[in-house]
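Chain nomenclature is as follows: A, B, C, D, E, F and G, assigned in order of appearance, with residue numbering initiated at 1 for each chain independently.
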Amino acid sequence: MSTVIFRTIAPYLSALMLVFSVFVLLRGHNEPGGGFIAGLIAAASLAIYAIAAGVVEVRKALRLHPLALAGFGVFLAGLSGILSAFVKAPFLTGLWVTFTLPDGTELALSTPLMFDIGVYFTVFGVLSTVALALEEDDEGSV
Amino acid sequence: MIAELHLYLVGTILVIGAIFSCLAAVGILRLPDLYTRMHAASKAGTLGSGLTLIAIAIFALDAGVALRALAGVAFLLLTAPVAAHLLARSAYIAGYKPAAITRINDLDPDRKSNSD
Amino acid sequence: MVETFPVSMPESIFAGLVGVFFMVAIYLLLSRSLIRMLLGVVLLGNAANLLIFVVGRLTRDVPPIVPGELSVPAEATANPLPQALILTAIVIGFSLFAFLLVLAYRAYQELDADNTDTMRLAEPENPPRPPESY
Amino acid sequence: MSGAGFLDFAIYAALALLTLTLILATIRIARGPSLPDRILGLDMLVSISIGYIAVIAIKTGFMLYLDIAISLGLVGFLATVAFARFVLRRGDLGSGGGAREKGEEATR
Amino acid sequence: MDELSAEILAGLPAAFIAGPTLIADWIVVWPLALPLIGAAILLMGRSRSAWQASFALAVLVATLLSEALLVQRVIESGPVVMTMSRWLPPFGISFAADMLGASFALVAGIVSIVVLLYSQSEVELRETRYGYYSLLLLLLAGVNGAFLTGDVFNLYVWLEVLLISSFGLMIMGGRKIQLDGAVKYGFISLLGTTFFLIAVGLLYGLLGTLNMADIVRVAPDADPVAMSGIAGLFLLALGMKAAAFPVNAWLPASYHTPDPTISALFGGLLTKVGVYAIIRILGQLLPANVARDWALIRGPNFAPFEFGVSLNLVIALIAGATLILAPLGAMAETNLRRAIGFLVIGGIGAMLAGVALGTSGGIFGAAIYALHSMLTITGLYLVAGLIERATGTTDTRRMGGLYQFSSPLSILFICLVFAVSGLPPFLGFWPKFVLVQAGLGGESYGLAAAILLNAFLTIVAGSRLWSHIFWRNGREGDGSEAPNPNLKPLQLKDRWWGLVPAATLTLAIVLLGLWPAPLFLAGSRAAAGIVDPTAYVDSVSPVGAP
Amino acid sequence: MQSVTDFSFLLVALAPFFAAPLAPWITRFAGHHAGWVLAIVPASIFVTLIGFIEPISLGGRARIGLPWIPGDALNTNIEFSFYLDGLSLVFALLISGIGTFIIAYSGGYLKGHPHQGRFFAFMLAFMGSMMGLVLADSIVTLFVFWELTSITSFLLIGFDHHRQAARRGAIQALIITGGGGLALLAGLVILAFENQTWSVAEMLTRAGTMQESPHYLAMLLLVLAGAFTKSAQVPFHFWLPNAMEAPTPVSAYLHSATMVKAGVYLLLRMNPVLGDTVQWQTILPAFGGLTLLTGAILALRQTDMKQMLAYTTVGTLGMLVMLIGVGSEAAIAAAILVLVAHAFYKGALFLIAGTIDRETGTYDITQVSGLFARMPVSGIAAILAAISMAGIPVSLGYFAKEEVYSLLADPGWREVPVVIVALVGNALMLVVGLAIAMKVFFGAQTQTPKAPHEGPLSMISGSLILGVASFGAGFVIHDFGRLFVVPSVTAVRDLLAGNHLETWHFAPLLLALSVVTWALGALAFWFLDDIRTQLRRLAGIWSWGPDHGFDQAMFGLIRSAGWITRMLHHGRLEIYFVLIFVALALVTLGPLLAQGLPPMPGIPYLTFYEWGIMVIALMGLFAVVVGRTRLVAIVSLGVQGFAVAVIFILFGAPDLGFTQFMVETLTVVILTLVMTRLRLEHRDTRIFEDVVRDGALAIIAGAGVTVLLFAVLRNPLDTRLSEFFTETSVALAHGHNIVNVILVDYRALDTLGEITVVMTAGIAILALIRLRAGGQRTGAGLAKRAPAPKKRAGRAIRTPAPGSAGA
Amino acid sequence: MLFVKTLIFALVWTAITGSFTFSNLVLGAGIGALALWVVRERLTTSLFLTRVYRALSLFGFLLVELVISGVRVALLVVSPRLDKQLNPGIIAFPLKVKSDVEITLLANMITLTPGTLSVDVSEDRKTLFVHAIAVPSKQALIRSIADGFERRIIEAFE
C-alpha cells in the first residue's frame, strides 16, 4: 500500500496505538483492559506499520523475533506464579509491593501486574509473528 | 441550573450526533455509487461518532475522561480520511467505475497498470 | 429433585439466539469449503461464548466493576465469573481459529483445493484392498 | 422536562437512531453490490458502534466504555486497510460495481 | 493487608488458605510448570539451536523426576493438592493429584523422554527454529495439566494447550499429506473441545461451581433432565477426544501423516487424555447421573413397554462397537501406521468398556489399560518409524523381508504386537485380564465377550502385519518370496538414536508385563479413588463440604 | 498331603527361559554343536526332576508361590505359583526328557542354517512355557504359560518363514489356539470367581463343588474350547497337520509330545474340578471319539510321512480326550499310559522322518523304500517305535492299548462305544506305523533326491533311545505304573489308586481285542493303496473341509473388514461432521425428548435496542449463510461479531465486549489477509439435497443445544463463586475490575494456560507458514532432502489456471 | 526535536490516563520514547507542527468545515430528488505543497470537508485526485481548495 498518505500517517498512528496499548494494559486491573486487549492493540499497530512500511522495516525496528517476545511473555507470567514460592504461598498467589514516589504517588507493583505484562507480550508477540509471517509469505507486496 | 443545562447540552449533542450517523447511513443506502457513498460515510459518520464522544467529554466533568474523549476524536479525524482514501483508491484501481452520472474523470484509466 | 421454573427472562430469548448461532455454524461447517467452515468455526465459538454468557444469567447495564472509592459494588452487578471464562475461551478460540485459517491457506497452496471432498491424500479415494495372503 | 429526564429521552432517542443506523449499514453490507460497498458498510458499522458505545457509557454512567470506543476506532481502521488491500491486490470487486470486465483485467 | 480488608475479611466465611504452603506441595505444580516455562525459555532462545535438545532433555528429566516424586507422595499419603493463589476451593483453581492423575502423568513423562531421544534420529525435527522442542514440552505441559487439575474449566484450558501443540507437531515437516491429515484432525478436534466447553459452561450454569471436588458434592442432587444432557455432551466431546466410535474418524485420517516420532507421541498421549477425562468426569464426578436413566425408550401403544437407557449402557454400546470395529480397520489397512492407529482405537474401546462397567474393577482395568497403551502404542509407532526407514515405504504390501534383515526390529515389533494384542505375558494382557474379570464379575457378559473378541481380532491383524512385513521375503504381488530389493540397513543414527530408545521402551514394556505389580498397584489405587472419591474430596476440601 | 520341601523345581520351570536369550550367542560360537551344549539345560532339568519321582510316588506334593500381583488389587492375591504332583511330574519329565533329545537333534538337523541360534532360542522358550504350563498352580500362571506356548509355537511353525504355507500354518495355529485361549481365559476367570481362589491346588481340595454351580456349563464349555483347540479336537483339528510346515524337530516336540498335550493336561487337571458330570462324560467322549476316527482315517489318505504322523497324532489326542471324558480310574490310567507311549513312539517316528527327509530329500513314503541297509540305526529305532505304536507285546503301547480295552471290565453306556471306537482307531493307526517302518525301511531300494546314509549321532541318538524306551518300558511296567501312572491317577482322581500293571500277565479278553486290532490293521495295511485311492477320490468329490473353511473365513473377514473400514473411514470430512452432529443432536435431544421437554418460555421483556441488536445479529448470520462469495460472507461475519459484542456491552460485560470487538475485527482482518492470497471459486457448491440435509441437521442439532440450555436455565443459579469474587476483589485482591482480577488472580492458572495456547499457536502457525516440503513427499520418512520443485506451489495461487479465476 | 515529540507523547499519555502527576508524566515520556523508537525508521525529518498557533487555527478551520460538510451531506441524502442534486466527478488537483506530511494533511482535510474526497496522489506527488459530489466547475473547485486548506497548510508549515 505505497500511497504517500498512508505511509506518512502510519508511523504516527502506530506509535500512538502502542502508547494506547500500554495504557490499556496498566489500567486493566481496575477497568476494562488488561494484557490481552493491550497486546492485541499493540499487534494491530504493528500490522498497520507493516502494511505501510513493509515487513523488513518492522523486523529491523523490533530487533527481536516477535515469537521470542511471546516466549518471554509466558516466561514472565510463569515466573510471576513461581515467585510466591518464596513466601510459602501456592503457585500464582498475588503478591503486592507498594512504593511511595517522591511526589507522593503510590506505585503498586504486583505479581498480577507482572502476569498481565506477560500476557501482553505473549499476545503481542504471537499476533505480530503471524501478521509478519503472512505478510512476508506474500512476495511482491502492493 | 448549570447542572441542568449541562445535561441538556449533553443530550442535545448526543441526539445530533446520532442524527448525523443515521443520515450517513441513509446516505450510503441512497447514493448511487461507492465514491458518493463514501462522502456520506466519511463526513457524516465521523461527525456523528465524534459528537457522541464529545458528549461524553462534556458529560463526565472529569479532565481525564474529557481528554481521552478528545483524543478519541483526534484518532477518528486521523484515521477516517485515510481509510476512505485507501478504499476509494483500491476500488478505483480494481476497476470500480464511478456511476454513469459522473461527468469529469481526470484519472487516466491507464494509470492503474503501474499503480502498485 | 430440585425445584424448577419455566424460563421467561431475557435469557430465554437469548438462548434462542444461541440456538440460531449454532444452527448457522453447523450449516457452515457442513459446507465442505474450508473458508466457509472457518466461518462456521468462528460462529461456533461465538455460540459457545454466548451460551456461557446466558447460562451465567443476564444482568442489564451494571458491569462487575467496583467503583473507585468503594470496596464492594453498590448494586448487583453482572456475574463476573462467566465473563472471565468467556474471555479465556475467546482468546483460545481465536488462537485455534488463526491456526486453522493458516492451515487452510497452506492446504490450499499445497493441495490446490478448498473443497474438503477433493483433499484425499491421507485417506485416498480408492484405498487399496487388503491383500488376501499370509 | 428536567435535565435528567431530557438526557434520558436523548439517550433513548440516540439509541433508537443508532440502532436504526446499524440496521441500515447492515443492509448495505448485505446488499453490496460490490465488495467495496460492503467494506464501506462495515467501516460505517465500526464508526456507528463507537457512537453506540459512547451512548451506553452515558446511559450507564461508566466512563470505562470510552476506551472501548477508542480502541474500536483504531482496530477498525486496520480492518478497513486490510480490506482495501484485498480489493487492490485482487482486483476483486465481488459482484456488481459496474466493472466486471475491468475487475478481471486487473487480475494478475 | 490494610485495616479495611481485615474488616471485610472478618465478614467473610474464609477467603484464604491460612497456613503456609510447604515447598513439598509444589510437587503437584512442577509437572506442569517445568515444561511450560521450559518451552517459553526455549522459545526465547529459538535462534540458538545448539543447546535446545539438551535443554529440553534436562527439562523432561526434571519433569519426570517430579512426576515420580509425586507418585511416591500419592502412594505414601494420598492425593496431593494445591489450590492456586491461596484462594480456598472452590474459589481458586485446585491442582489435585490422585493416583489416577499422578500415574498417568508419570507415564506421560516417560513417553516424552523416549520420544525426545528417538527424535534425535530425525534431522528435520531437530531444526529448532520451527519449535519442535517447545511444542513437545508444551504438549507434555498440556497433558500433565489435564491429568492434575481439579477444575473442569481449567481442564478445558489444558485440553486446548495439548490440542494446539499437537496441531503444531502434526504439521512439522509440511508435507502435503500432513496438511490433509491436519485439516481433518484440526476441525474435528476443534469441534470436540468446543463441545467440551459448552458442556462445562452448562455444568456451571446448573451447579454454579467448577471445582471437581465440589461437583462431586453437588452433582447428585442436580436437575436430572439437564444433567442427562450435560453428561451426554461430555460423553460426545470426550469420546471425540478419545477417538471412540463413531466419532473417531480423525485418528485414522491423521495419525499416520506426520513423522513417526510425532505419531508415537500422539498415539501415546492424546487419546489417553480423553480417556482420562472420561474416567474423571463420567466415572468420578457424575457417576450418579451417568448411571441414572438417560433416556426412556417407550414402546408403541399396542405393545406398551418402557426401557430405561442409562448413559452407562450407551457407553457400553460405544465401547463394544469400538472394540470390534477397530481391529477390523487394522486388518484392512495397508498403511502400517494407519493400521496402528486402528489398534489405538481398539484400546480405547477396552478402556471405555471399563468406564461403562463403572465398578472399581472396570475403572481399574481402564486405568491400567491406558497406562499400558501409552507405553505400548508409543513403542509400536517408534518401531514403525524404523521399519519405514528400513523398507523405504509406508505400505505393508511393499515391505517384507525384515525378519532376515534385522533381528532387533523383529524382536521389538513382535513383542509390541503381542503386547497390544493382549497375549500374556506381555503387558497388554493384564488390563484385558482385569477387564474381563470385571465384566464377568459384574455380569456384563457382552462387554467381556467384546473385549475377548477384540483380543482375537487384534491377534489376527497383528499376526498378518508380522507375516507381511517380517516373515514374507518380498513384496506382495511381485512373487512374494522374491527378496525385497528396497531394504536398506539402518544408518548409525537410526541405530543409536532410533533403535536404542525404542528398545529401551520395549524392554520396559516386557519387564512390566512380567512383573505387573506396579501397574496393579497404581491401577487399583486409582480406581479406588475414582469409585469412592471421599479421599479426593477431603483432600481438596471445598468450602461448603460437610 | 505330604509336602515336599525341595523347591528346586521352580528353577526347573524357568531355566529354559534364561537359556533362551543366550542360545543365539552360544550358537554363534559353537555352531551346530550348540545343540549338545544347550541340551544340557533340559537334561539337567530332567535329572533334577528324577529326584522328585520317589517322594511324589509316595503321595508327596510340592507348591511354591512367589508374590506377583499385590493383594489389594483384586482382593485376591495372585501368586506366581507352581505345584508339583504326580500328573505334572509325568508331563514335566516328558517335556524335559524328550526335549533333551530334540535340542540335540536340532543341532544336526539345522546344521548350517543361518538362523539356528534363533531356532534354539524359540525351542528353549517353548520348553520353558510348557514346563511352566504343567507346573503352574495359580490359574493365572497357568494361562500365561498356556498362551506363551501358542506364541512360541507360532514362531516355530513359521520358522521357514519364506514359505507361504509355513506362514499360513503358523497364523492358523496362533489364531485357533490363541482364540481358544481367550475362551479359556473367560472360563478360568469364572472358575476363579466361583472357587474364590486362583490356586489350582486349592481348587482341587474343593473338588466336586463346581458341578453344582449355576455357571457350570459356561465354565465347562469355555474351558473345553481352550482345551479342544489346543489339542486339535474336531472341528479344530486341521491346524495341526498344517503345523507340520515347521522343521521336523518342532513337529516332533510340539506337535506330538508336548504342546498338543497341553489341552489334555488341562482336561486331566480340571477333571476333579469340572468332571464327573453327564455333560463332561458326554461331550468329551463324543468329540474325542470323532477326533480319533477322523484323525485315523485322514492319516490313511496321506503319503507324506509327517502328515501321516500328524493325523495319527490327532487321532491319539482324540483317544485321550475320550478317555478323560470317561473319567474312571481305569480310563485315567489308560490315558496316562497312552499319553506316555504316544510321546515316546511318535517322538521317535517324527525324528526318524526328519532324518529320512534330511538324508533322502523327501517325506513321501511312496518315494522311499529299502532304507534299512543304508540307515540301520534309524531302521531299528523305527521298528521299535512301530511295535509300540502297533501295541505289540510287551511294548509300552501294548499296555496302553490293553489298559484302554480294560475299560470293558466295568462296561457301561460309555465304556462300550469308547472301546469300539478305540479299537477301530488303534487298528487304523497301526497301519500308519507299519507303513512307515515297513514300506520305508524294507523292500527294494529306490532312487531318492539325495543319496541316503545314516544321520549324525545327534539325530539318531534321540530316536534310538525313544524307540528303545517305547519298547523297553514294557519290561519295567510295574515300576512304571508305580512311579508314574499311579501318582498321576491319584492326582486326577484324588484317591490312592492301585497298580495292577505287570509285564507278564494274561487277560484273555484284552488279548482277544488286541488280536482283533492287529487283524483289522493288517487287513487295512494290505489294502492301504486301495483305501488311500478311495479316500482321495472321496476327498475329490467333497473338497470342502474346515481347513479350506479357514481360508474362506479368514479372507472373508479381511474382505469385510476392508469393506467396513472403507465405509466408516472414507476420508470425506463433511460426512464425518454429519456423524458428529447427529451425535450432538442425539445426546442433547435424547434425554430431553425422553424425559419431557422443558416448558417453552413466554416472550420476555426486552428493550427496543436489545431487539434491534438481536435483529442485526440475525441479519448478519443470514448474510453469512447466503453470501455468495466468501469475502461477502467474511464481511457479514463482522456484523454478527459486532452484534455479539454489543450484546455483551448491554448486559454489563465491558471486558467481553471490548475483547469481542477486537477479536472479531482481527478475525476479519486475518481472514482477509489470507483471502488476499487465495483465489477461490465463489459459489457454495452444495447441491439441493445437501442443502436440505445440512439445513435439517443444523436445525435439529442447534435446537438440541438450545433445549438443553433451557433445561439448565430453569434451575436457579448458585452464585456463591461470583459473590465471593465480588466481595473480596477490592479488599483482598486489590483490583476493581472483578473480571480482570479473576483472570490474573483467582483463576490466573486459566489465563496462564490461555497464553500458553496463544504462544503455541504462534509457534505452530509460524512452522506452518515456513516449513514446506516441496510437495512431492507423500510418504513419511522418505526422500527427506529431495530438491524443491522449480515452481513454488505458492505461486500457483497468483497465476490461476484458466477457468478457476472467477470474478 | 525528538524531545519535543516525546514530550507531546508524554502529554498525550497523561491525557488519556487522566492523571497529571509528575510520575505519570515520566512514565508517559518513557512509553512515548519507546513507541517512537519502534517506528524510528519511518519518522519523517520534516518539521512537526513547529508553529503551533497556525496549526491550531488550521484545526479550528477544519472543524468548522467538517461541520458544514456534515450538514451538507446530511441535507443531500434526505433530499427527495437525490439524483438531481448529484453531479459527481473526479478532478486532478495540482499540488503546491511538497512534503509528505503536507500532502497527507491536505488530502485528509479535503476528505473531511464538504463535497470532496481524496482518492489518490499521483506517483510524482504533483497531482491529487479528488472526487467531488457536485462539480459545478472544475476550476472553481480547484481554486477553493488551493485558497482554503492548501494555503493554510503552507502557512502553518513555512
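Definition applied: contacts are C-beta pairs under 8 Å (C-beta built on N, C-alpha and C of every residue); 3 or more make two chains touch, one makes a residue touch a chain.
What you are looking at is a predicted structure, and each value in this text was computed from that prediction instead of being measured.
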*Find out how few touching-chain steps suffice to connect chain C with chain D.*
1
*State which chains count as neighbours of chain A and simultaneously of chain G.*
B
*If we define chain centres by averaging CA atoms, which chain lands farthest from chain D? Would you check?*
F
*Work out per-chain C-alpha centres and flag the one nearest the whole-protein C-alpha centre.*
E
*Using mean C-alpha positions as chain centres, tell me how far chain A is from chain E in Å, no decimals.*
36
_Inter-chain centre distance, chain D versus chain G - centres from mean C-alpha coordinates, in Å_ = 22
*Can you give the whole-Å distance between the Cα centres of chain B and chain C?*
33
*asked:* I'd like to verify one number: the distance from the centre of chain A to the centre of chain D, where each centre is the average of its C-alpha atoms, in whole angstrom.
replied: 27
*Find every residue in chain F that makes contact with two or more other chains and list them.*
164, 167, 171, 558, 561-562, 565-566, 569, 571, 573, 577, 598, 650, 654-655, 658-659, 662-663, 666, 669-670, 673-677, 705, 709, 712-715, 717, 719, 721, 725, 727, 731, 736-737, 739, 743, 745-761, 763-766, 768-770, 772, 775, 778, 794
*Touching two or more other chains - residues of chain E*: 4-5, 8, 36, 39-40, 43, 84-85, 92, 131, 134, 153, 157, 160, 164, 167-168, 171, 174, 176-177, 183-184, 187, 191, 198, 202, 205, 222-224, 252-253, 256-257, 331-333, 464, 467, 480
_Touching at least two other chains at once: which residues of chain A meet that condition?_
1, 3, 5-6, 9, 12-13, 16, 20, 30-33, 36-37, 40-41, 44, 47, 67, 70-71, 73-74, 78, 81, 91-92, 94, 123, 126, 130, 134, 142
*Throw together a list of every chain pair that touches.*
A-B, A-C, A-D, A-E, A-F, A-G, B-D, B-G, C-D, C-E, C-F, D-F, E-F
*Can you check the complex and tell me which residues of chain D touch chain F?*
15-16, 18-20, 22-23, 26-27, 29-30, 32, 35, 38-39, 41-42, 45-46, 49, 52-53, 56, 62, 64-65, 67-68, 71-72, 75-76, 78-79, 82-83, 85-86, 89-95, 100, 103-104, 107-108
_Touch list for chain A against partner chain D, complex_ = 1, 6, 13, 17, 20, 24, 31-33, 37, 40-41, 44-45, 47-48, 51, 142
_Could you list, by residue number, the parts of chain A that touch chain G in their complex?_
3-5, 7-12, 14-16, 18-20, 22-23, 26-27, 49, 52-53, 57, 60-62, 101, 103, 105, 107
_chain C-facing residues of chain F, complex_ = 164, 167-168, 171, 555, 558-559, 561-562, 565-566, 569-574, 577-578, 581, 598-599, 601-606, 610, 614, 617-618, 621, 624-625, 630, 633-634, 637, 640-641, 644, 647-648, 650-656, 659-660, 663, 666-667, 670-671, 674-675, 677-678, 680-681, 684-686, 690, 694-695, 697-699, 701-703, 705-706, 709-710, 712-717, 719, 721-722, 725-727, 729-731, 736-739, 742-743, 746-747, 750-751, 753-755, 757-758, 760-761, 764-765, 768-769, 772, 775, 778, 793-794, 796-797
*Complex contact set, residues of chain D against chain B*: 2-4, 6-7, 9-11, 13-15, 17-18, 20-21, 24-25, 27-28, 34, 36-37, 39-41, 43-44, 47-48, 50-51, 54-55, 57-58, 63, 66-67, 69-70, 73-74, 76-77, 80-81, 83-85, 87-93, 97-99, 101-103, 105-106
